[in-house]
Each structure stands twice: as C-alpha cells, then as structure tokens.
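Same chain, two partners: chain A is paired with chain B first, then with chain C.
Then we have the complex of A and B:
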C-alpha cells in the first residue's frame, strides 16, 4: 500500500486521482445535475453550444450535456463492474494456482488458455444474445474476458514470491497457505495488481463505449458516452464537433486511469519497473 | 543420550524421469542436544538438500529422519504443519537480506513463529520480541525498522532471533556467516555458542569453509558427492584428516604468521586424488 500512497503524492498521481474522483462523483450524482430530461426530444435540433445548451443539442433536440451527465453511471460504473468481475475470476485462481498443487494449477491454466482463445467481440455478442442485451450481461462477458490477463499477471507475481526464503521461513513455523498469502504474498502482488486494474478499467471503459457505440449492452435512447458518440456520427456534416464532448469525458477518464497506473508503477521504483516491461511499461491487460 | 537429530541411511533424489538426480546417497548424521556439528562440503555436495530434507522441505526417498525422538520423514501436510508449529527445528538462511520479508518490520519478523502458533496476547508478543532481541544483542530501537534499514550483521541476528523465538531444540544454520565480513562473522558465531550454552540448543552448522568451524563446532561431518566421507571431532578433522577430500580441505585453509604454509605439491596431489574419486559407487 505504501507504493499506492507514494504514487498519490506525486503530481501526476494527484492529478489523476483528482480527475478520477471528479469522474466518480459525476457517476454518482451526474443524473441529478442534468439541467434537462436526457430522453426528452426537443424542437431545437443539432443546435451549437449556447448558454441554454452548453454542449448543444443532438439530432432529436435532446440536450447533450444532460445526456453526458445522465450517461456517466452507465459508462463508468459498468467499466468498474466488468473489471470487478475480471478481478474476482482472475486474481483468486491466479494466486491460489501457485500454492494449491499441480492438478489445480493445470486446470486453471487450461481454463484461462481457453478464455484467451475466445475472440472478444464475437464472445460479447454471443453472451448478449444468450443472456439478453442488457448492460450487466455485457459486463459479465467483458469481465470473463479480462480474467485471463488478471490471472496471468497475478500468477506471475505470486510465482516470483512463492519460493522466497521468508515464505519458506513462515512455512517452517507451520503457517497455513492462507496465512502465507495474507502476510507475505498479497502485499507484494498488490502494486502490480493496482497498476493492472487501473489499466484494465481504462480499457474496460473503452470497451463499454465501443459496445454501446455498437448498440450492445445499453439500448437507445438510454444515454451512454459511447452511445452519444455513435448518435452524433450520422450528423457530422451539420455538427462536426458533436462527438467531441462525450469523447472528452472518455479520454479524460481513460487518461487519468493510465496516468495513475504509470504513477503507481513509477512509485514502485526499480522493483516495480522490474516487474513491468517496455515503455509506459505497465503490465497491461490484454483487451482485444 | 538420545540424539536430537538422528538421520539414518537418507537417500534424496530431485527431479523426475530422466531429469531425476540422486543428491544424497545414504547419509547418516546425528546431533546431540547442546552440540554444534559442522557439516562441510563443496558446492553441490548436498549440504543444503540434507538440511531441507530434515526440515521436510524436500521428500526423503528412503531412510529415516528423527527429531527429538520423533520420526518426521513421513509427515505430510497437516501433520507436518502441526509438527512445525511445535518449533522443534528451525532454519537460518545464508543470505539474511533475502530471508527477511522487506515489507515487515523486525518486530513482525521476530513474533511470526509465535503468532502462527497462536494463543499469545499482543503484550506477550511484544515482550517475547524484546526478550529475543536482547538474547541476540539487538537494540530494542531496531524493532520498528525494516530489514533494508539494518546492517548485514543485524539482519543475520534478526534471522537467528526469528528462529530461536519459538524456542527450538535444533537449529540448522545454512552458511550463516558466508555473506558477512570477518568481524561480524565472529559475532554471529559467538552468538551461536552463547545460544548453545543458554538454551541447550543443538546446532547443525552448514558451511563450505572449514576455517569458520574452528573453535565453534564440536564435531565435523564431511559430505562429498552426497555421501558422508568422514566424521570426527573438530580436532581430529583438523589434525588428522583421513579422507583425501578432507585433507584437501584442511590444506586449503589459509594460514598466516608463523604457521607453516601448506605444501603446494601436496595440495596438487590431493586435488588429483579427489578428482579421481568416483562421484558415487
């Protein structure tokens, strides 16, 4: 946890945390701040930004600012939901695969290999077709597909600490696997996991935006940031700046999450850098 | 007197199938209470594997290992965990920095064994940590520190204190001084002697350096290619070594001052003789 608190003390980490706090606040109270009903059609269609409509209106005369605010929970919280599902499905077997014997390890590895082999969009559409075209079903699909990345990242981190001498020392005291994980392994994995989670949440937000852009998960006219971008695309000649406003919110959130991930990785120092690879190096979660 | 550690005919093999390598070939070894036994051998001779087998970290292929009269080679899972919680045998690693969790304080490290055992209040754990720190001459001010903030000697004292905190009968020290400078090395060896006297601790002191056993070990066991080739009192081993490998070890101990330097010719001849020995019949 020291790594995370150190990261929040850096300028980049503080900015990222402030932006994310604002986005989360928006997701919590955004719909109540909307000046107009986001679903109400109006006579003033494709209006430019004005004092009455800060972000203008769309092709049905709906206030874009109200739709962006009302769409915040569906856009942001669903990304967290997907990442949460991925974390639970990926992290628990990732850590335990190192400590619970070869048979369990082999089974979890093969299941995760199977999930990696699934093409993302086809799987998401198939789950939506199977379970219904609703946002939670779509997030289950996204979460399941995020799980192998969390599994592999967590497993790699757990493996690097499983044979540490202080773990052996704890085992020689008769410590249980659970106790060893709790006292010696978990704190070492956490910084890597936080970096991966921040990256995955950024990716998850893009996926949610992509899916809602395609009409999967959230059915129009329910507003989402991705859906607003999609609805504005047909009217680019009349309102070329239309997709800019919702896209800015997506970019700010994704950028802040990536910035936070990088700050945490950097705060991890040499130890943190050794765990990650490449430029911008976070152990990025594979999303597509 | 009943031996504290009694290893008889121990065979240990590592790996599987074609990669299977037999490391120990019928090793016999005993350590009595209050006795310090030096286990010496070259790198790869099986010293650490022997220690790990005694502690149940690797499985014995055959043979018996008895600690304080109890056969432990067949213990698995919960039975092994329960035996370990009793704290009869403890281990001190070679590298004190790597053997201490960098994110846990000295206090957390010292009380770990007692905390695993359970049944102690926080105040009791605090007192136990202070007492064991005093035993190894660690200032109480170091208790809230992390291993990275300590010197090499302090870290090794923490590692020894962690092991003796659960009041073991047998302490296995795997090259405990090889990563330390000469003066710290003497401090740690003196600490082992003091622990032996105050706690009647049996110590198996693993080393590849015969010089570090002089004045410390009561007996020396020489391991060569997974076999015990010679056992004797430290004096016997130093003054009248019988096996060529032991003679090579003794002639390789550096000497200064008036001591007669070892004959290089003799060393060359012994090296050739040792090279000619088969790894295992």
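Then we have the complex of A and C:
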C-alpha cells in the first residue's frame, strides 16, 4: 500500500485525509457534541445564525447545528455500508469471472449488464419504499447498484494480469487457482480498487443524501443532512441560506473522497486509467 | 455515406440484440420487487373486515394465486403488448398514468442532455485548447466542485437565485407545450439546468482529457504543417477522435438523467415519471412501480443503444468496444 502513503504525502492527499478524518470523527462522536437536543422544538423559529445558535434554527425552532451533528452517523456511515455491500458483490465475481470458466463468466457479465440498466435513484427508492422504507434496505439496494462498477474495474484489472508471465510461471510451479488469485492477482488489483472505492463512496454519499432528502429510509424527526435540507425547502423566503449548512457538510465529504481518489491515482495507484484532472502537460500545443 | 448508414443500422441491431438478455435480467429484478414486498393488495383493498374467502377471491382477480415465474412471463408478455396492468388502489391503467407523465420526464431529460452537451462541449474544448492556462484551471476547479454538489442542492440554489433573489423564472410547476412555447420553456429551464450540471461537468472533464491527448498526435502536427486553420484542426480532425471518452461518459449519464430526474421533479413539483414511481412506492402500489421501472429501463436501453451508434459514427474503431 505504498501508493496510499505516497498519496497522503502530497498536499491534496493530506488535506483530503484530514477532512475525511474529521468527518469520520464527527460520525462517531457528533451526536454527543450537539449543544442542544436535536429533536426539541423551540420558541425561536427560523432564527439567523447567532452565538447561541451557530447555524440558526429551523421552522420548529430546533437548533440546526445540533441536527447536523446528530445526523452525521446516519448521513455518512450508511454510505460506507452501501459501498461495503457493493464491494463484496462486485469484486468477488469480478476476479473469479476471469478464472472460473466461460459459463460462469457469461452469467456474471449478463447479470451485471442487467444491473447497470436499472435506473439508479428510482430503483433505490422503489426497493427502499416497497421493502419497508428502512435505511438498511435502501443501502442494500444502493450496494447492489454499485456492484457493476466494482465488477467491471476488478474484471478489467484481473484480465490484464491473468495472462501475465508471472501468473503462468506460478501455474507451472503447480500453484492452485485460489493461490494465484490470492497472492498474485489480488495485490495487483488492490490499488485500482482503493481508487474506485473512494470514488464510489463519494457517489454513495450523494445517493444517500438524495434518498434522505426525499424522505426515503428515515423516520421524520430523525435528523439527516439530506433531510435537514428538505425541511428548509419550504422556508427559502425566510431563510434562503438555510440549506447552505448541511449542504456544505455533504459537499466537503464528497469532495474529500474525490480528492483522495485523485491523489492515490496520481501517486501511481491506477496505471491503467488516464488522469482525469491533470495539470496540463509540459508539451503545450497552441492551435489558435 | 451508404456504408455509414449500413454500419449504423448494423450497430443499432447489435446493440438491441445485446439488450435482450439485459432487459430480461433487469425486468426480472424489477418484477421480483413485487414478490419480495409483503404488500398484499387483496387485504389492502378489502380492508380488515374481509373474510379469508374474500381475500382468496380477490387474489385470484389480481392473478396472485399463480406461481411467481408464470406471473413474470405473463406480465412481460402483456407489457410487450402495451398492457402494464392497473394500479391496485385507483384501478387506473398503469400505461395511461405513465403515458401522461412520460413527456414531462423526457423533455426534462432531453433538455438536460442538450445543456450538458453544449456546456460540457464548449468548456471541454476551450480547456483542452488552452491547456494549463487560466481557463483550463478554472474549468478543472469548477468541474471538481460541481462533482460534489448533490442534485437537490443545485436545484435549490437555482430556485433561490432565479426565483427568490432575482424573480425571473417560476420556482416550480409545469405547463404543457400547448400553453405556448415561452410558458412551457420557462417551467423547463431551471429543472433542466439543475439536472444537467453533473453530466456537463463530467463531459467537460472527459472531453478536455481526450482532446488534450489527441492534440499531441502526429496527424494534428501534420495538419498544422499543411497550414490548416487551428479551429478546423480542433473541431473537425481532433474532436472526432478525442470525443470518444466524453460520448461514452455521456452514455453513462443518460440513465442518471432519466432515473435521477426524481430529485428535480420533487423540488420543482413536476408531474414526471420519477415522481409517479416515488409516490407509488411509498404507497405500496406495486404494479405502478413495476410498470414505471420497466418503461424507464426501456428508455435507458434505447438511449444507450443510440449512444453506441453515435460512438461508431464518431470513430469506426469503436465498433469493437460495443
């Protein structure tokens, strides 16, 4: 995992890691930091930010800062849950599809193609709502929908290493398929996987915030970052800056994950893919 | 030209052929949703006072007494003939509800696609041509920031600016095109822009990368040596080869534009298909959810096939990638 430590030594990587660490800390202890009860209604409704209420109060007089802090676990950890599910159902068939025969390969390919065709957000909404409108059902749906991208990435990486000479050499020495996968293929795929996991977690967070914004998978008084934005929506004329506070938390987390993925990719974690955010090469072309 | 047409038709045919197993898998998953839910329409419709015999008769009316696979085959067969069943609660045919809402969703998605292509295209090309310059860096920063903005935040920000602070556009609602094009367009602008931003950012980023690589190719230098004007080299020669990744990314965004429209439909109070699915799912109206998902999957598959054809047209070498 040298590429990850290399990435953390760059400035962008260090900033991203610091922001992520802060968000994770918030997800762990945020509810205990809340200065007020996030569910308690107050007389001072729709207050602007002040010393007593840093982010102001919402339409029921609840302290927005307390709600943002208390909503951190439900807003962040759920995305990790979805990505974890997606990793398992995507990566395992992704690697094994290259090594376990044509029929198995064909079936996994078709199933993953079918999953890609499912319209993402609507399908997650349908699953979550029909299966009891609970957050874990929603995350299983999101995880299933994330699986094809993990499948494709690991399969592409596994394919590129499957016919490498060191794999052939290992097989000539009598190594089993399982041993080849574990010791040779896995270590080569891991850096690529770290990059796409970070990107997928960013995407998962956006989906989770959209679902909670729509009120899917949450019971109303329970605060989530998306839900706080939704409750501000009806009071934009009184508090037009209301959605800014929870939105900034979502954007900072997503941005940090994307930045970290870029830093690891630039540190050499992902040789196969073109850099998407390069600074412009030394050989500049002037054409106008 | 005729070979190009023939090639496009062949590519479209191949893409549709690939779509058949995909359609079977995705529709089966969609159908299974109804099987997994504990919603029983018979007892829901009849209420608590129904006798077991009533429920059994009602289950027969709904066709729920047959095995799951038989119901799936029947559902798919009916769907191919335009019959998606009826809502469990209102008894309104699902196909009719969808037909009423599909134009709304499609016009928002098409508008967003257009904006994404124009914005992403212009800024992607400009950034690639001025690689390393101020504009390039600005595009990089803006696209990175846009990638972190959830759709509903973009929608709310647009409402705040263009409906509250500078009230020039309506904050929500819908008017059919028969009410006059300006009215129709005024309701369409903000949702389309809100939906397009994510795709526009991705297209700009991919176009910049693809075009920047292409501009280093020998044939571009050759065209320079031959004295062709710079804009012609970029727009005619390089763009054709450099646009591949951007078109591919655009193809990946098409399902999101159709399936992700539920967010803008909610924020802007548009009577679209996403809104229909969400309401039906929350109410447990399984046939409506299944029908809406089926139609959405169909639209996604057709648009993916079209994007593949576009890729072949752009770059004959891309034929192998389909």
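By our rule, the second predicted complex is superposed on the first by the 269 of 288 C-alpha atoms of A that agree within 3 Å, B and C clash if a C-alpha of one lies under 4 Å from a C-alpha of the other, contacts with A are read in each partner's own complex, and residues count from 1 in each chain.
Heads up, the rule we're going with is that contacts are C-beta pairs under 8 Å (C-beta built on N, C-alpha and C of every residue); 3 or more make two chains touch, one makes a residue touch a chain.
Quick caveat, the model's predicted, so the values are computed rather than measured.
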{"item": "Chain B versus chain C as contact partner of A:67, first or second or both or neither", "value": "neither"}
{"item": "Chain A residues touched by each partner, larger count belonging to chain B or chain C", "value": "C"}
{"item": "A:247 touches, of chain B and chain C: first, second, both or neither?", "value": "second"}
{"item": "Touching partner for A:165 - first (chain B), second (chain C), both, neither", "value": "first"}
{"item": "First, second, both or neither for A:175, with chain B first and chain C second", "value": "first"}
{"item": "Touching partner for A:265 - first (chain B), second (chain C), both, neither", "value": "neither"}
{"item": "Partner chain in contact with A:152 - chain B first, chain C second, else both or neither", "value": "neither"}
{"item": "Complex interface listing, chain A residues touching chain C", "value": "110-111, 113-123, 125-133, 202, 206, 209-210, 213-214, 216, 226, 229-230, 233, 236-237, 240, 243, 247, 250-252, 254-255, 258-259, 274-281, 283-285, 287-288"}
{"item": "Chain A partner contacts - residues on chain C that touch it in the complex", "value": "18, 21-26, 28-30, 33-34, 36-39, 129, 131-133, 136-137, 140, 144-145, 147-153, 156-157, 159-160, 164-165, 205-206, 209, 212-213, 215-216, 220, 224, 230-231, 233-234, 245, 255-256, 258-260, 262-263, 266-267, 274, 277-278, 281-282, 284, 286, 289, 292-293, 296-297, 300-301, 304"}
{"item": "Residue ranges of chain A touching chain B (in the complex, touch as defined)", "value": "2, 164-166, 168-176, 179, 183-184, 187-188"}
{"item": "Complex contacts: residues of chain B adjacent to chain A", "value": "55, 57, 81-87, 89-91, 93, 95, 98-101, 103-104, 112-113, 116-117, 162, 166"}
